[in-house]
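Please find the structures below.
In the two complexes that follow, subunit A is the common piece, with subunit B as its partner first and subunit C second.
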Partner chain A sequence: MTPRSKPRIEFVALLAACALFLSTIEYLIPKPLPFMRLGLANLPLIIALGLLSWKEYLLLALLKVLGQALISGTIFSYIFLFSLAGTTASILIMLLLYNVLKKRVSLIGISIAGAMASNIAQLLLSRYLLFGEAAKLVAPPFLIVGLVTSIILGVFAQQFIAKSRWYKGVQ
Partner chain B sequence: MSIANVRLLAGLLALPSILFQRNFLAVIIQCLYVIVVAVSYSRRFKLLPNLILLFSVSLAHLLQPNGLLLFSIGKFPITLGALTLGAHKAFTLISLLYLSHYMVTARPKFPGLLGQLISLQFYFFEQIREVWQSIKVKRPLIGAIDEMLLKISLESAKVAEHSSPRASPKELLFNAFHVVALWTLFFLGYYSILPILN
Partner chain C sequence: MTPIRVGDIIIFLLAVALIIGSFSFYSTISGKPEVRVKSGAGESIYDLSVDTQATFKGPVGETTIEIRGGQVHVSESDCRNKVCISAGWISSPGEWIICLPNNVFVRIEGSLEEGSPDDTSF
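On to the complex of A and B.
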């Protein structure tokens, strides 16, 4: 992450728009539970780790959550809380891992850690808001789906960074 | 006041009437009312996700037996209290979801840097949709995404200002009616004028 005093708002907005585009694709895929997500919209967050300052990164995460909530109309509902909790936990872990263990952990590892942090935060929230003690019953499938999709996203992000001309241009 | 802000305000005013509802029948009626309002403002209603939420939350609450024993499946007790508690929670969540849908139907605009960023985000979102549709060969996927990002990055961002029209007296009246209706249901439940089902 490079330190910058002023956020590049157009660039952040472009990445946030990509997250929104991916979340609309994900919206078309049926889910067994309303807050259960594949996490496609996290792809720009993984790719942006090497492109944005931490301030810009936090703005991107906020825009991702707000944009998704506005487009799906869930901004004043419990789904927004799940999204906010998941994204916050995920970006904090990913930022920490990327900055502390930069060379020793791949984007796949960072993606898995982010997904697990997000899923655990959402499970804790569902324990209080939805399911009570029974939240532990939904935990295994929820975490397994998170693990599988985060590996796929991590591999995709790594491939994209290696091959993309756009990424090389903006780096 | 703009239509967007009127709906946002009406939703915020009606929110506590759903959140603090204690009567099971009243929360069901509030839920149906909010769904009808959201659908009347062109929001889509999908039955299946709501049914899944209703059943999954109700089932989760059955794990903590509460109240009258209805019947047992093996050693697993099905209790009325647990069922209604779970269903009540699910109906509240569904109501809040559709209230939220209604509140953002006219795309409220947020002030300051965040508002500017959200406008830019939606501008780029439209660009992405257009450019993505124009790309004929989408395999390999990484190449197609790369082409799309390069095309969009070349264009300068011209944010189309979105302004919501002013609310007419009729619009104000309709939205006020929704708030009054939801609070009336709250008080009908609060004073047990509506029958208590649980």
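On to the complex of A and C.
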């Protein structure tokens, strides 16, 4: 496959579709607490770091947030705000790290940083919007789950970009 | 080539430090039990360990609460049934007394002592 320069919007659509597919899979998995999620849908976002310009990347993130909200029916509820805040925080950190420290950090570190940013944004939001001081109580388990799942996703993403022929073709 | 780089380890350690730091929230939130009284005028907070009295105005008159020896009760109320006074003394977090006619709601908030039955239902 030869690298193409023009139709990169295709990748945005493909990766967004992939994110939505993974969110749907994730909704099938029972969760002990509503906010404890695997974050499977973030996998395309991590992989896309090396493929898209920052404008395309923001578009992808927006599609992911809107699409997830449509699938889960939360688009007009407060959960949408949480999703938006978490995704915004994580993509900003991930874009920053990827572009500034490209040589010194792999997708594993970027994934961890993104998950932490997302979790912190959501915790702050729940602190000021919903639960008040009690939000602090969920912080430790929430962050631990985020750390573990983000390491798994990061390792997977790193393996993917190292081995995938599709990735090499479109890069 | 190993995929793990210096930045990954630094980020991982920062994340772990953040998690360890977040556990300190548990100690700050478990403060002394406090008495929260909600009435028509708003919410007032009292320390359960300080003896005091307070009077709240409501639709049918005045309701007086008394805190003494780590317990709280409604000592006087202008309501008809005096259910709030019959409720007696309360002292544990989660307990409450309510005077519906006079719109006064007294509850105790704070952390439970370890091993008390309500720990598991949290």
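Just so it is clear, the second predicted complex is superposed on the first by the 163 of 171 C-alpha atoms of A that agree within 3 Å, B and C clash if a C-alpha of one lies under 4 Å from a C-alpha of the other, contacts with A are read in each partner's own complex, and residues count from 1 in each chain.
By our rule, contacts are C-beta pairs under 8 Å (C-beta built on N, C-alpha and C of every residue); 3 or more make two chains touch, one makes a residue touch a chain.
Everything numeric here is computed off the predicted structure, so don't read it as measured data.
Taken together in the superposed arrangement on subunit A, subunit B and subunit C clash. When the two complexes are overlaid on their common chain A, residue A:A16 makes contact with subunit B while staying clear of subunit C. Of the two partner chains, subunit B is the only one that A:L59 touches; subunit C does not reach it. Touch criterion met: A:M116 reaches subunit C, while subunit B stays clear of it. Taking subunit A as the reference chain, the count of touched residues is higher for B when subunit B and subunit C are set side by side. Of the two partner chains placed by the overlay, subunit B and subunit C both lie in contact with A:L137. Once the two complexes are laid over each other on the shared chain, residue contacts for A:I152 go to neither subunit B nor subunit C. After overlaying the two complexes on the shared chain, residue contacts for A:L84 are found with neither subunit B nor subunit C. Mapped onto the common chain A, subunit B and subunit C collide along 62-70, the only clashing stretch among 8-16, 62-70 or 152-160. 133-134, 137, 159 are the residues of subunit A that lie in the contact sets of both subunit B and subunit C, per the superposition on chain A. Only residues 97, 101, 103-110, 112-113, 116, 120, 133-134, 136-137, 139-140, 143-144, 147, 151, 155, 158-159, 162 of subunit A touch subunit C when the two sit together in their complex. In the complex of the two chains, the subunit B residues touching subunit A come out as 11-12, 15, 38, 43, 49, 52-53, 56-57, 59-61, 63-64, 89, 93, 96-97, 99-101, 103-105, 107, 113-114, 116-118, 120-125, 127-129, 132, 142-143, 145-146, 149-150, 152-153, 157.
Here subunit C touches subunit A in the complex through residues 3-12, 14-16, 18-19, 22-23, 25-26, 28-29, going by the rule given at the top. Subunit A meets subunit B in the complex at residues 9-10, 12-14, 16-18, 20-21, 31-34, 59, 62-63, 66-67, 70, 73-80, 129-135, 137, 156, 159-160, 163-167, 169-170.
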